[in-house]
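Encoded as structure tokens, the structure appears first; notes follow it.
Naming follows writing order (A, B, C and D), and every chain is counted from residue 1.
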Amino acid sequence: MKFTMSERSDSFSQIASSLASIARGFYLRGWLVGTSGNLSAVVDREPLRLAMSPSGVDKGELVSEQVLMIDDDARVVGDYRAKPSDESPLHLRIVKELGAGAVLHTHSIWNTILSDFYFADGGVAIEGYEMLKGLQGVNTHEHREWLPIIENSQDMLALADSIGDTLTKHKGAHGLLLRRHGLYSWGKDLAQAKRHVEILEFLLEAVGRTLLIKGKR
Amino acid sequence: MKFTMSERSDSFSQIASSLASIARGFYLRGWLVGTSGNLSAVVDREPLRLAMSPSGVDKGELVSEQVLMIDDDARVVGDYRAKPSDESPLHLRIVKELGAGAVLHTHSIWNTILSDFYFADGGVAIEGYEMLKGLQGVNTHEHREWLPIIENSQDMLALADSIGDTLTKHKGAHGLLLRRHGLYSWGKDLAQAKRHVEILEFLLEAVGRTLLIKGKR
Amino acid sequence: MKFTMSERSDSFSQIASSLASIARGFYLRGWLVGTSGNLSAVVDREPLRLAMSPSGVDKGELVSEQVLMIDDDARVVGDYRAKPSDESPLHLRIVKELGAGAVLHTHSIWNTILSDFYFADGGVAIEGYEMLKGLQGVNTHEHREWLPIIENSQDMLALADSIGDTLTKHKGAHGLLLRRHGLYSWGKDLAQAKRHVEILEFLLEAVGRTLLIKGKR
Amino acid sequence: MKFTMSERSDSFSQIASSLASIARGFYLRGWLVGTSGNLSAVVDREPLRLAMSPSGVDKGELVSEQVLMIDDDARVVGDYRAKPSDESPLHLRIVKELGAGAVLHTHSIWNTILSDFYFADGGVAIEGYEMLKGLQGVNTHEHREWLPIIENSQDMLALADSIGDTLTKHKGAHGLLLRRHGLYSWGKDLAQAKRHVEILEFLLEAVGRTLLIKGKR
């Protein structure tokens, strides 16, 4: 999934407000509890500027004033004392690799469990669901979405490289899993990235609960 | 379940507001995530006018101003730039076939799983539950509700025909499942259709979780 | 569990407001969906007057103005056009049998499933949980709560008699299950009845999910 | 996990308001239903003063005015008629043993089930999850968190001693389970304790649901 450079992005404050609102909604669904997860959106391309959630904050209470602006080295731009998320390099890599306009990372129960359960397979295949049609560029439920799984690491630069390699190998992917860690998904803007997260989380739960009823395919 | 033509329907704005409110509530329950699902209600019978949710919008933020009016060919009536849901022909078919006043379509985890699990049986039988009494015309828990399952398709007109055939065969049905896609239910008005969705979703979850405890009957 | 006649109950409007607020909260938990369930509270003892939820309304939108007052024959007192819940005779029986000040009836997934799964045993035994201490008169987690299960029926007077017999046999019960129908619980007032419902629903879910992990004891 | 005495704690009213807000949020997640659970935070160290939730109140409606202040013998300080939680001695013991600034105790479905399922093992081992990094002092997902399980008792002083012994034995613990009772967790302040509860509840659910898919390791 590649994005073409389109019109200049919305103003930072509008993006920050939308990002904070998504954070609070996802927190209520249990996808960003305990300060986990992080969210970003492109504010400018030249030079690259990302709106990024700060490190270690309660996503259930995130307000737009807390959202930071970072450059393409993950340094805070402007007069903020807060620290951007440790996983900023992963967001930046996805933005650069795909031209994505927004990147969202969630920790849900089902993405955590399945990222481990299917790790040996290298990914989770999801196919035959109407819900897949909500993914950008997918026009039929007969689509087969491959959600690659990458081994988790605390070396963020190495992890960014693994993500880069994975995105090169799986050009059609709308998301990827870090093992026992969580889901990364993205879109041309925050609205599309939010839609992709909701769809992938839904499908992972459907796959997980089907496992309980039918056993592994 | 047939509906008799009753008094003229409520005004469009009232219907649109009620439709949007139901959408937001169902979104919070996880039944309309990722822009999935769609909702409609009859505004006028002669000529036929339906209030219809637009295509590709976030149901968690749907407001009445976004609700469209369509005619019996699924064309937008009036000066709107938005596109009605792709599944409008399915709503129209149900309205015409049954005289229904409202049609609601949800994507829940349990309706998705069971629409596949019971596909080979042609439907899901639900019986013996008190909750069934909330379905229009049902007076006892001893009722047996047959929820037919139809193979999914991207050909909306063919799918509308399958739905038409199914409704002819199963005249008592209060809903139907599209395989790995979702639930359609309906009622004489939005309140009744909402009630039917809540009841069928509840019963599908009860059937699904009972499977986990007891295995398939 | 017997209640002594205490001071005169709160005013009707205060009770109706509290009853409606509990209804909306339980609806959000999924315990009163599709117009299912009903709620009552004693307004006066001599003559008996109950605040009672009306029949067939959406509990997610119940407001105090909709709450009815009924007498000990389940007839509406005063100038209301609405119909009280069909299950009013069951509420009245529990109030008379136990001197309860409030009766709440919920349809949850877990109470529905377990009311069937344990039907042949005549009830569900719940013991060893700290949560039991929240039930009126219980001082230790070593308490064994027996939740009797009664066969469902559409004959409300016969069902009221079954409930009466059950309450006579199981004097310590804080609730009872109707098979594939739901939970009845009660308390000296609405706050206590609400507490009892929350506790019994929690424990039924704990018992149900333990079954999935361990199998039937 | 030891806390150093830092600056004087926030004012009581601010702490009480934050404590009540956490209570209402946890209630909505189903972790404090039926008046279960309790919450505390240090207001002063010399002499020790704790903000403590009152006994037997509905946590979904807790407001800051209801929060009590207690001394190091669990006696209410000041002119309150309410009773502090029966489990105040457990909170005090954890505060004294670890120098914690806040202690939160939840009753969730998953902590209830797993506190019994793993009781014979003496605790639950949780390792390999990124989510662990949200626990104070943990820097990698390769961390192994041991959540000790203590037999439940109604003798609060004996239980406080068991907790003291357990904390001495397991110095790194961020929480502990009481069998079929619930989770205790803590932090340097309410925000950190809230984070720890959310993380441990998430991980217990992940462990519990993995058991369903894979069986016991």
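Some points to look at:
Going forward, a residue touches a chain if its C-beta (ideal position, glycine included) is under 8 Å from a C-beta of that chain, and two chains touch if they have at least 3 such contacts.
This structure is a prediction, so every number in the text was calculated from the model and none was measured.
In summary, the chains found to touch both subunit A and subunit C are B, D. The pairing of subunit A with subunit D is characterised as different-residue: of all residue numbers used at this interface, under half are used by both copies.
After Cα superposition, the angle needed to carry subunit C onto subunit D is 90 degrees, rounded to a multiple of 5.
If you average the CA atoms of subunit B and of subunit C, the two centres end up 31 Å from each other. As a whole-number value, the distance joining the C-alpha centres of subunit B and subunit D reads 44 Å. Counting only residues that touch two or more partner chains, subunit B has 212. Of all the residues in subunit D, the ones that touch subunit C in their complex are 30, 33-36, 58, 60, 107, 109, 112-113, 116-117, 152, 154, 178, 180-182, 208, 211-212. If you check the complex, the residues on subunit B that touch subunit C are 25, 29, 128-131, 134, 139-141, 191, 194-196, 198-199, 201-202, 205-206, 209-210, 212-214.
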